[in-house]
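Worksheet: the structure to be examined is printed underneath.
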Amino acid sequence: MATHRIGILTGGGDAPGLNAVIRAVVKYAVGKLHWQVIGIEDSFNGMLDAPRRLHDLTPRSCQGLLHRGGTILGTTNKGDPFAMPDGSGGHTDRSGELAAAIRAEGLEGLIVIGGDGTQAIGLRLMDTHGIPVVGVPKTIDNDLSATDLTFGFISAVETATDALDRLHTTAESHDRVMLLEVMGRDAGWIALWAGVAGGADCIVIPEIPYDADRFAAKIKERRMRGRHFTIIVVAEGAAPKDGNTLPSEVPHGIGTLHTASAAHTLAKLLTERVDVDVRTTVLGHLQRGGGPVAFDRVLATEFGVRAVELINAGQWGDMVRLNKGKVTSVPIRDAVAEYRTVEENHPLLAVARSVGIEFGG
Amino acid sequence: MATHRIGILTGGGDAPGLNAVIRAVVKYAVGKLHWQVIGIEDSFNGMLDAPRRLHDLTPRSCQGLLHRGGTILGTTNKGDPFAMPDGSGGHTDRSGELAAAIRAEGLEGLIVIGGDGTQAIGLRLMDTHGIPVVGVPKTIDNDLSATDLTFGFISAVETATDALDRLHTTAESHDRVMLLEVMGRDAGWIALWAGVAGGADCIVIPEIPYDADRFAAKIKERRMRGRHFTIIVVAEGAAPKDGNTLPSEVPHGIGTLHTASAAHTLAKLLTERVDVDVRTTVLGHLQRGGGPVAFDRVLATEFGVRAVELINAGQWGDMVRLNKGKVTSVPIRDAVAEYRTVEENHPLLAVARSVGIEFGG
Amino acid sequence: MATHRIGILTGGGDAPGLNAVIRAVVKYAVGKLHWQVIGIEDSFNGMLDAPRRLHDLTPRSCQGLLHRGGTILGTTNKGDPFAMPDGSGGHTDRSGELAAAIRAEGLEGLIVIGGDGTQAIGLRLMDTHGIPVVGVPKTIDNDLSATDLTFGFISAVETATDALDRLHTTAESHDRVMLLEVMGRDAGWIALWAGVAGGADCIVIPEIPYDADRFAAKIKERRMRGRHFTIIVVAEGAAPKDGNTLPSEVPHGIGTLHTASAAHTLAKLLTERVDVDVRTTVLGHLQRGGGPVAFDRVLATEFGVRAVELINAGQWGDMVRLNKGKVTSVPIRDAVAEYRTVEENHPLLAVARSVGIEFGG
Amino acid sequence: MATHRIGILTGGGDAPGLNAVIRAVVKYAVGKLHWQVIGIEDSFNGMLDAPRRLHDLTPRSCQGLLHRGGTILGTTNKGDPFAMPDGSGGHTDRSGELAAAIRAEGLEGLIVIGGDGTQAIGLRLMDTHGIPVVGVPKTIDNDLSATDLTFGFISAVETATDALDRLHTTAESHDRVMLLEVMGRDAGWIALWAGVAGGADCIVIPEIPYDADRFAAKIKERRMRGRHFTIIVVAEGAAPKDGNTLPSEVPHGIGTLHTASAAHTLAKLLTERVDVDVRTTVLGHLQRGGGPVAFDRVLATEFGVRAVELINAGQWGDMVRLNKGKVTSVPIRDAVAEYRTVEENHPLLAVARSVGIEFGG
């Protein structure tokens, strides 16, 4: 069997399981197949500083990685080599320099672990400069339609569900509405799954613009039945319908604090409609941090091994994915095409409504 | 829409998520559709004591159930109504009495949550006495071929994986072999998943009779590489190949303690082959206890809602299941036919071997 | 031994372990001593609706309470019977009515579980109306000087520490400052303990008004050493020194959202001083929710048993407490006198500084 | 301030928090005071292989250690330098060689983290060879009378309590006795704390030889009250009273498996007395593994800082300890004198009995 020398990098935001993918690639490719695997720091950026920010990865250097959150390679979403910030506000195309560095280091190709943005860069490197790439999808929001699930998502859902469990115990002692804001700018998957798993009374997702009156009605209806608390999970990208008066004093875009706005907007709309004490928790980066749950470790390991198999089979240009319960692959070109959002006819949405959850629209 | 009055029961060993199924059934059938749902204690047995051990279930009585382990209805595997122990060592067929009680209570049919034994009884009740049933599969070992996954399995894997993480930290400080015995009499799914997720060095499953020499060689080979510990996960049903000398003094069948034997047999075989300190942990019922992880709560909720939909559609005789990522149904008759064990060509087995895990055969 | 009939209530905010105290009181007083224990809903308020909101508590009704968060009795801090809101903006003294209700129900006295406000009401009931009370201290902030620790505090510290662990894994992958806001309006104990336990780089507490320049210097100094992230834990009551320019656009007092302000103020002050990405997580009620850790369950059980012993010994007017490792008691009158804040000479503050933690002042 | 060059080692079994002590020593001594700290592998043994198994510890090499279980230095209890195994069954005094190696490496003295055996060796090194030592106590069983608590104990109690919670959920669904065996050969502290925290019905500790009839009576009495399960926590060193027939077929001393015997002996004695299904779980090394809880991290950090302060103050020969809520020190000579076991008059024993827990004697 031929040997190979390949690079591996992680791009975009963190997701629990990134290290487990890296470990699986190295354990298989280096430990079993005796290839060389070079870790590249901070997504494509590290390659531009080669060889300073490259690392020869070995099974030994990957010890203890399986359950560790984050990524040992570092990551960034500030590094499109086709449009690198030039320090003076403009951008420069450094993709040729990047391709040259990859060739100078003797790398046959790259395993690119990242979301649709990172995958698109990898594909463009392949198309423009002939650098072979294999993709491993990473999206904690689970919004990539080419794969049924990605590692990290179930871990994020577990974190959000645990938070809902905690809020339940304290909400039940008081007369109170508890809002939990979770990740999901464009797709409400985390909110939907965690809301079902954590027994939320209302789920607010970007796909369903909400009428705050319906949540107010839910709160009142619960009180009528002697339930003096309501738990609401809100995706960060959720927004009210037109016609809901937006409270003018809600803060927008204070530095990096804008993620707080979905829950705070809803809190304001609710307190205008019901005389109730509303408490807000913003999970933020707690969802990206921490080690992966067992499910995600298995999935990440499968993805890592499959990526090596793709290279072994010469299937450059493909991305691994989970499809109907099996780990297979698909051309990156087809994979990055479109987002998967919560469609109105999705079965879990119907299930959620069947157990009485209000979506506000 | 017509109203219904149905019974619900749980049979066999515990699995995290049983209560979540019950809650989903009640929230949907009672809370939304305004049916009546009667909880029957201790599997079919409670029906023979009707109405004393029946309970009218309401959304209120199901509060707080989503994350709670065990089953509020109780369960038993000592109650085949077709062959009930008569107290003097023999068995009596009380199925006619059972069917009469179901009719006397005005129950239109039953939702039967249980493993293949419990489902077979339900099916026989339907065939013999015309009692309509709908099945919800429950097998913590994940060994029912009709469904890709059942609730409880991922929770058990999480528990076993967490144990492996703990054993890793303490094993690394010493020169030691750590054995972890997990559930799985006939199928090694928990051992396989947890072994991959927890970074085990060896996995021992019932499907692959092992040669202890191969594990001994693995321990020695790791030492050569400076790794002075080895983590082995053992399914309770795992056994050595013929030809492996079985140590005569290993205890068999001491009261209920027989589950300890797989790990203890292996421990003995290893200490005969390598000069090493072996420590054994038997997880036992810790795997069945505790609340379900978020994934299992979602799956259990989907199963519960789908069971109600089956009744609504008149599809008695069907069992819900997860098939290629979707919750659908299948005739119970076809579902209880055969076990699913870890086949030699299962992709996860190949993945495990690719990352260097030894199976001993 | 004489029998007794007593009431029990919980007042103020939640703390993990309230149910464990109730359970211990009932298991001992009812299960062992055969007294009667009456649970009163929503602090003193439920007594004004007697007998509607009273519950005869038994060991059976307390099953499963040990590990459950919240309080089955409910709680409120809107019910000073000496100054009850009269619905028209004013207040009425209903303490005489309350004392009469207690006597009418045949309650010999009350076990009052609550913070200094609730204890002060209990004491006043005893002084003014001769209602005997025994106190059990509850303050999640650990700010009552009469007791070394109270149940709930260690649980809250564990929650905050777990959050810091998660933020660490994701911070390390990026160049970023992570702010975690924890409870503590007047006392910084949770921030101090969690900051030490979670390896924070900076801790910001109400007792030490901070100079944001020092945190900015810490961030820069860490960068110089190749550490491109900084973890800061902020008590909700922390505030900058005079002279730190307060950014005018930081929101104050938006409905109930004011708790967010300490972290957001600091975030603003930092981004004005360093070019860095700051991410904020506000734990909020996650710290009060969830079950108590083992330590708090033991302490709560000891407190509950000791409260019953005080009544048995006729020591009405006393409050249980932990003093130098032993559970003893102290007159409530002496106990509610003053807060315990983090003094400049507290040993843990010195320890924190020794391991390099910056406090900003 | 003078600089120092010191060694640090960990001896005996693992306890969560060992790494946190090492980290605190290094952060303070190296990071703040600019000393040199040399880590010695595998207790005193590594010193005999100096300089091969010595490591210069820096704040950077201690990153991520705070929450990590085990010890990065490794540990052993097979290395008394005064009586080292000579490979042929005898022992040799290599303490002179050890002292010479310490001096050759320029180490002014040692920080010895370990239990009473390790501390006694350190003291003897000081007495015999003039090697200055400072002690940090480590005993997961909490059986050292000189310190109120040591790091690791509360973590082990949390693990055992979590196991009891899990067993509760599954026991409640069945008619069953659940035995949980926890650590404690001579002292029952873990069993006592976890039993109180986890709501055990019976606690079995080495200090109270038990009469199995009393546990049988408890099981029957619970059944009478409709409680069809009983949870029993058993310390590994617990044993029945004389007169309890010891079942002859219970295995003793099978290789390293002897730790299972306490629970198995009790299981046998119970099944002889009551017709009941008994299930046994042996936690084993799960209690030593995993990261420390927040409480133990704080305590370990305080111990590490205090050890450095002792050296700074020239207080060689002292051991740090927790005494009445404060971290102080005591001469090692006085500290290793005697064990602390659960005395009959210990307050927590009385509390446990007050909430109805049976001890069998």
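A few comments on the model shown:
All chains are identified by letter, namely A, B, C and D, in their written order; residue positions are counted from 1 within each chain.
To be clear about the criterion, a residue touches a chain if its C-beta (ideal position, glycine included) is under 8 Å from a C-beta of that chain, and two chains touch if they have at least 3 such contacts.
Keep in mind it's a predicted model, so treat the numbers as computed, not measured.
Listing every chain that touches chain A and chain B alike gives an empty result.
Seen from the Cα centre of chain C, the chain whose own Cα centre is farthest off is B. Our note on geometry: chain A versus chain D, Cα centroid distance of 41 Å, whole angstroms. Remark: chain A and chain C have CA centroids separated by 35 Å (rounded to whole angstrom). Across the assembly, chain B contributes residues 165, 168 that each touch 2 or more other chains. All chain pairs in contact, by the document's touch criterion: A-B, A-C, B-D, C-D.
Residue ranges of chain D in contact with chain B, taken from their complex: 10, 14, 18, 68-71, 74-76, 159, 163, 165-175, 178, 249-251, 254-257, 260, 264, 267-268, 271, 277-286, 288-291. Across the complex, chain D meets chain C through its residues 23-24, 27-28, 31-32, 59, 64, 66-67, 148, 154, 157-158, 160-161, 165, 168, 193-194, 196-199, 293-295, 297-298, 301-302, 305-306, 308, 324-327, 347-348, 350-351, 354-356.
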